[in-house]
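Note that the chains are named A, B, C and D in the order they appear, and that numbering of residues resets to 1 at the start of each chain.
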Amino acid sequence: MSMRASLYRHLEPSVRDKGISPLNLFLIALVLVSFLTFSLETEKTFSVEFRNQLAVFNILVLAIFALEYIARVWVAGENQNFKGIKGRMSYMLTPFALTDLLAFLPELIALIITAGDARAIAALKALRLFRLLKLARFVPAFGMLWSALKRSGAQLAVALIVALALIYVSAIVIYFIEGDIQPEAFGSIPRATWWAVATLTTVGYGDSYPITVAGKIFAGIIALAGIGVVALPAGIFASAVSDEVDERAQQKKRNKG
Amino acid sequence: MSMRASLYRHLEPSVRDKGISPLNLFLIALVLVSFLTFSLETEKTFSVEFRNQLAVFNILVLAIFALEYIARVWVAGENQNFKGIKGRMSYMLTPFALTDLLAFLPELIALIITAGDARAIAALKALRLFRLLKLARFVPAFGMLWSALKRSGAQLAVALIVALALIYVSAIVIYFIEGDIQPEAFGSIPRATWWAVATLTTVGYGDSYPITVAGKIFAGIIALAGIGVVALPAGIFASAVSDEVDERAQQKKRNKG
Amino acid sequence: MSMRASLYRHLEPSVRDKGISPLNLFLIALVLVSFLTFSLETEKTFSVEFRNQLAVFNILVLAIFALEYIARVWVAGENQNFKGIKGRMSYMLTPFALTDLLAFLPELIALIITAGDARAIAALKALRLFRLLKLARFVPAFGMLWSALKRSGAQLAVALIVALALIYVSAIVIYFIEGDIQPEAFGSIPRATWWAVATLTTVGYGDSYPITVAGKIFAGIIALAGIGVVALPAGIFASAVSDEVDERAQQKKRNKG
Amino acid sequence: MSMRASLYRHLEPSVRDKGISPLNLFLIALVLVSFLTFSLETEKTFSVEFRNQLAVFNILVLAIFALEYIARVWVAGENQNFKGIKGRMSYMLTPFALTDLLAFLPELIALIITAGDARAIAALKALRLFRLLKLARFVPAFGMLWSALKRSGAQLAVALIVALALIYVSAIVIYFIEGDIQPEAFGSIPRATWWAVATLTTVGYGDSYPITVAGKIFAGIIALAGIGVVALPAGIFASAVSDEVDERAQQKKRNKG
């Protein structure tokens, strides 16, 4: 087997019946670690040395993703659809290839052009979120979310409308009850809406709550009656995801059996 | 086809097999936008110019709703039941027609009479909530809520009684434990009830919580044991809504198939 | 029909096929109103006149409950089991009769003996909670709670042990992480347990939360992993209540059909 | 029956068809009480006398657990697998025997060596958590948790990945929106993650929440949409525990019937 064919077997997940090749596992781990370092870079209480090390590590990651991209384009020739220069071109336009490109190119260009100007890079760092999409190739969870969204579409829309209407009406009523007494928290309907969302989702930050008797009675009633209604859309989506997970697990079993 | 017949086809939703006509879509959007501007008008930190623009926009909306009302009364003659002057009269007494009237008339009159006296209008603005009912013609969600309420009536009542009894007993016990130590938060049973509702719905604003050892032990036990019970009514209603949504979706499928 | 027989028909709920007699509805309403006044009496910001009126109303309620008790003992003779003096004696020892007695007698005695000494009465007022049990005669919800508890007994016990073990372990870990930094909130395991309960039930008052990095990471993990486990006992009980409600509704239908 | 055989019947739970022997019940109670005293020892507001009594009680508990361990090793000879010196050796290497050893030996040694040096002992006290494992012999709940974890493994992993991705993306977005305005709470992605976890689990401590309009709108949307998704892993695990409980209850019934 040629070196290209061998590398193809290590890089292309659809070639294997099950499991993930060690090389791909390493690349997945690198994406996850780069998320972690992305998080840590933003924390300004860390020492300068530590953050410099993170910057060096980041350049290393960029280099590896660049190599990975080149390798993937090269080995794509093993696939009948992507043979020759023309085939490589069409491979480079597939969503997965574009994602791989976006995962390193913009930041690499920015690094070279700006020569380390911190501000310009900061804005481009958000592009690292594209690395999340790199995982989509291996993790079926993202496709699952999409299927669940389509499966429960109509029910979700109705439940969402009902929940939003309840939040809107709650906000208006509390605005009329408490608007004059607590203008900071309830002095307008958008402000009162913030309270209604925090209460009906039971998050309850405690930055705004009614203090009058009428306001507390209304808030108590709305909390008892409304929580289930507002939880409906999330519940329907969650149950659709759960159904999707079950269905795929059963399909997998049937394919095996 | 006469102009009246043509307009009737655009305005009357029951004429179409499915979907909503562009004209009705525009009217629905106008209702939703008028809710948004209603919210924004109440926010006093916006500039005067912006709020003046909202006021002008509001007059435009009132005019459109007035035209819509007149058009609906006119085209109602296409329907056999509402032919002639007498038929138009009985159309004007249908709930939908009354809702359409309430959506613009009171505020229009107030605008003319008070000549912009802000206070008098403010009170009448609440009447804009009737515009929410205008949506009922197109959105089956409201009828769905009502069906769900009837379907789960008896179970809902029992679960509600149990939940309220638990809240009441919790409030009394915490009143006896913490009433003397935190009179502001637990000095009376109504105040303790506010705590009981915020805790058992898990909203937990943090404006009142027990500080004594006995109070914390009791609150911990009641939180562990009671949350499920208090969530029952909302859960029953939510599941009734969900059943109703499923049933209607299946009925729709059967009607199609 | 004698007056006693007629009164018996109005007072005894088991005599009627369905519904509640107007007299019993009035007595139920009186119990509910007396709970409301009990709540309001404890609120010290109300005026003295209003609270005096509540005190007068309370004496009226005591008198009516006393009359109700005498009437129930008298009409009990209509029932074959409670005929004659001896029958009345055994009626007076039934749980319902004892509940009726406890609903007025202790407070009545206290009123006469103490001649209005506020403190002595305050302690006895808690006995009014027995009036809640008066409702048990009419509302099947209380018996339903008991059945649900028995039905889910074993599962409930296991789920409760698991939930308590998780809370205990969470409290110990956070105590070791944050105990020295926030002694007020996490300086001992009982204090840390208060945090663990408030977090794992998602009440989240905000009176105590981790501030160190390690504490926040642990709290985040435990919140994501543990919420479902801690919600299990309440969920099992809630679903048992729901099953019980369904079963009784079906049984009622079959009895009718 | 020899004394050893009699003691074996009292100590070994697998000998009995059902129920727990009084001796084992006493040992279970001792473990639970020792957890309680462990908690109370850490509370520094208790008087010195009370805490001295707890210390004496603790030495007593250590002695009883030492005796229990010796007794268990001795009676293990009743079992064919653990006969003779060699059999006892292999018994001492079973997980249950090791747990029993860890429940008293480290702390006993520490007590003797350090002669009461409070700090050294404090660190070793954490070893008392091994006593929790002593309960595993009697309580099937721990094995049940493990089975539930295996049963729902794949679904749990997918749901967890989706929930973590949502938390991560929420944290990044709120970091970009509020990072400059509230550096203390949102100035880095790890800090923003703390907010995202507290919000999406609905704990909502109230130590950090968005204050800008854009931040509140985003937080409201993410709260409405994300709560169900983040609750999925806990929900899947909870339902797996519930299924496991049901299955074991049915199996028990079949074994009896």
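Definition applied: contacts are C-beta pairs under 8 Å (C-beta built on N, C-alpha and C of every residue); 3 or more make two chains touch, one makes a residue touch a chain.
Source: prediction; values computed, not measured.
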Rounded to the nearest 5 degrees, what is the angle of the rotation that puts subunit A onto subunit B, matching CA atoms?
90
Copies subunit A and subunit D touch via same or different residues, half shared test:
different
Farthest from subunit A in C-alpha centre terms, which chain would that be?
C
Geometric centre distance via CA averages, subunit D-subunit C, whole Å:
32
Whole-Å distance, C-alpha centre of subunit B to that of subunit D, is 46
Subunit D residues touching 2+ other chains are 190, 193, 202-206, 231, 235-236
Which of the residues in subunit D come into contact with subunit B in the complex?
202, 204-206
Which residues of subunit A touch subunit B once you look at their complex with the stated criterion?
154-155, 158-159, 161-162, 165, 168-169, 171-172, 175-176, 179, 183, 187-191, 193, 199, 202-206, 209, 213, 216, 219-220, 223-229, 231-232, 235-236
Per the contact definition, I'd like the list of subunit C residues that touch subunit B in the complex.
35, 38-40, 42-44, 126, 129, 132, 139-141, 144-145, 160, 163, 190, 193-194, 197-198, 201-207, 230-231, 233-238, 241-242, 245-246, 249
